[in-house]
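Here chain A shows up in two complexes: once beside chain B, once beside chain C.
What follows is the complex of A and B.
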């Protein structure tokens, strides 16, 4: 039961925040390229899903899973995208991501007059609160190395 | 509990088989008077609603028919441009049917190839070692399941999110593929599948899976 990593993207595709807790394998490309690839993949998945869907959707793409991990996705109406990779035992992390948005991002970044002007999240408080929150999740447990 | 459709993609990412089992087309037909309070625009050879959601007509819905006669792309059945037709007050009152546009074969081909690439990227961006590509993709109205064989063929099934037993169905489709397509001496590998027995057996397997899924999820 674990959380691997978390990305936060803004509506233009810039990665605002990234942190990893239990990542075993790097992507083999530089971090910048990885952010772009991740954003591009999500953008394509959203467009794919909207065309492919047999019925009209309200929330759209929620998550996908492979044989080893699950990617959870949450997008706010303002275009902010929260992406979290966890292992397969976590079935729904949507509330977690919503909590990160409303209780951490909005409280600590949006309401901070100093942080709102710069695009990337430089707030120490945000990083430490987010880290504490993730570690406190019921499904987070650092695996023995 | 339904299975919407089945796609089979070859190693190169090309669509070789597609079957729509259940296509729920929620369509709305309404009579309008001039001026039209919806904003329509051209998109991809179709006329779609870009603004003005109301009464079941959503943004993204396409114009399907005017006065009961199906439209042809951007033009009415007589060949007049739809937007021009709707600007003319003398054509009103007009009855227009809106709904989700059906995917054309070209669009299905493109979507299958798109998924083929997304499948590979899902594996590349994995934070864990030895991950496969995307095996299940979930949205609020459907779940897409994908099974990749050792030879690189992908079987993709779109179903209701509550439908169970899709893994077994994917394996069954693989079995049907190897029995009725691969063992068919007239079938060439990686080419579109045009084998009657494959179609029939696939349809039967889908029926069985839908019924079994109903029992499983209902209890």
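What follows is the complex of A and C.
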């Protein structure tokens, strides 16, 4: 059980925030390249699933899994995208991502008048609170990884 | 979502008179700083816009409302949820245009103008114009371009306060340039 990493993208595809916890293997490309690929993939998946959907969908794309990890996706109506990779034992991280949005992002970034959210978040308070929150998650346990 | 409902109930109560007076002081100061009413109206709209683009995140986080399916639903959410949450009033939604892209919010009471009388030399001042900016800014962040303006105002002798909203277009999301 563990959390690998977390991305926050704004509506224009800029990566506002990135952090990793138990990520043992790197992609071998620059971080910027990785963000772009990640955003591009999400963008494509999102438009693909909405085209394939037999009915109008409200939430759309929520997560996918491979043999090694599961990617959890949460998008706000304002276009912010929260992406968290965990191992397969974490079945649903939606509440976690919503919590990060409504209790951390909105409280510490949006309501902070000196904190503009472009192009990357520059708030130590946000980073440290988020880090503490992730580490306190029931499924965050590096040793079991 | 028990967590979110807890958050809504423990949100701090604020004295509405203090709020009204603070807004009045703001408008008064703007009237001193700018030459004419048009300029003040413009500034109020701009300030409202900047509030709106941030306020929408707070709104989404607190109300946990998803994307609206059509403009009618948007109108309902604005009137019944947003105005209720931030101003404690529920305007009525009326006067739909036949095409369904334009409607009016009728405010029976407007907490911003509780103690206000417009002096004669400010006849073109749109006192509550901040609200237009807030609505425009907030909706822009959820991919909706709208035109918002006051068409009636009790301050100027009308019976009710009426805000007219016109849907202009959906702002499409595009891949950032250079990304294939």
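A few comments on the model shown:
In this section, the second predicted complex is superposed on the first by the 141 of 145 C-alpha atoms of A that agree within 3 Å, B and C clash if a C-alpha of one lies under 4 Å from a C-alpha of the other, contacts with A are read in each partner's own complex, and residues count from 1 in each chain.
As a convention for this text, contacts are C-beta pairs under 8 Å (C-beta built on N, C-alpha and C of every residue); 3 or more make two chains touch, one makes a residue touch a chain.
As the structure is a prediction and not an experimental result, all values here were calculated from the model.
By the document's definition of touching, neither partner reaches A:89: not chain B, not chain C. Of the two partner chains placed by superposition, chain B and chain C are both touched by A:59. Looking at the shared chain after the overlay, A:20 reaches chain B, while chain C stays out of its contact range.
By the document's definition of touching, of the two partners only chain B reaches A:69; chain C does not. More chain A residues lie in contact with B than with the other chain of the pair chain B and chain C.
Within chain A, the residues touched by chain B in the first complex and by chain C in the second are 56, 58-59. In the complex of the two chains, the chain B residues touching chain A come out as 4-5, 22-24, 26, 58, 60, 100, 103, 107, 111, 114-115, 117-118, 121-142, 144, 158.
Only residues 3-4, 7, 54, 56-58, 60-62, 64-67, 69, 141-143, 173, 175-176, 179-180 of chain C touch chain A when the two sit together in their complex. Put simply, chain A touches chain B in their complex at residues 4-5, 20, 22-25, 27-28, 34, 37-38, 41, 44-45, 48-69, 71, 85, 87.
Contacts from chain A toward chain C in the complex involve residues 11-14, 36, 39-40, 43, 56, 58-59, 76-80, 98-99, 101-103, 105-106, 110-111.
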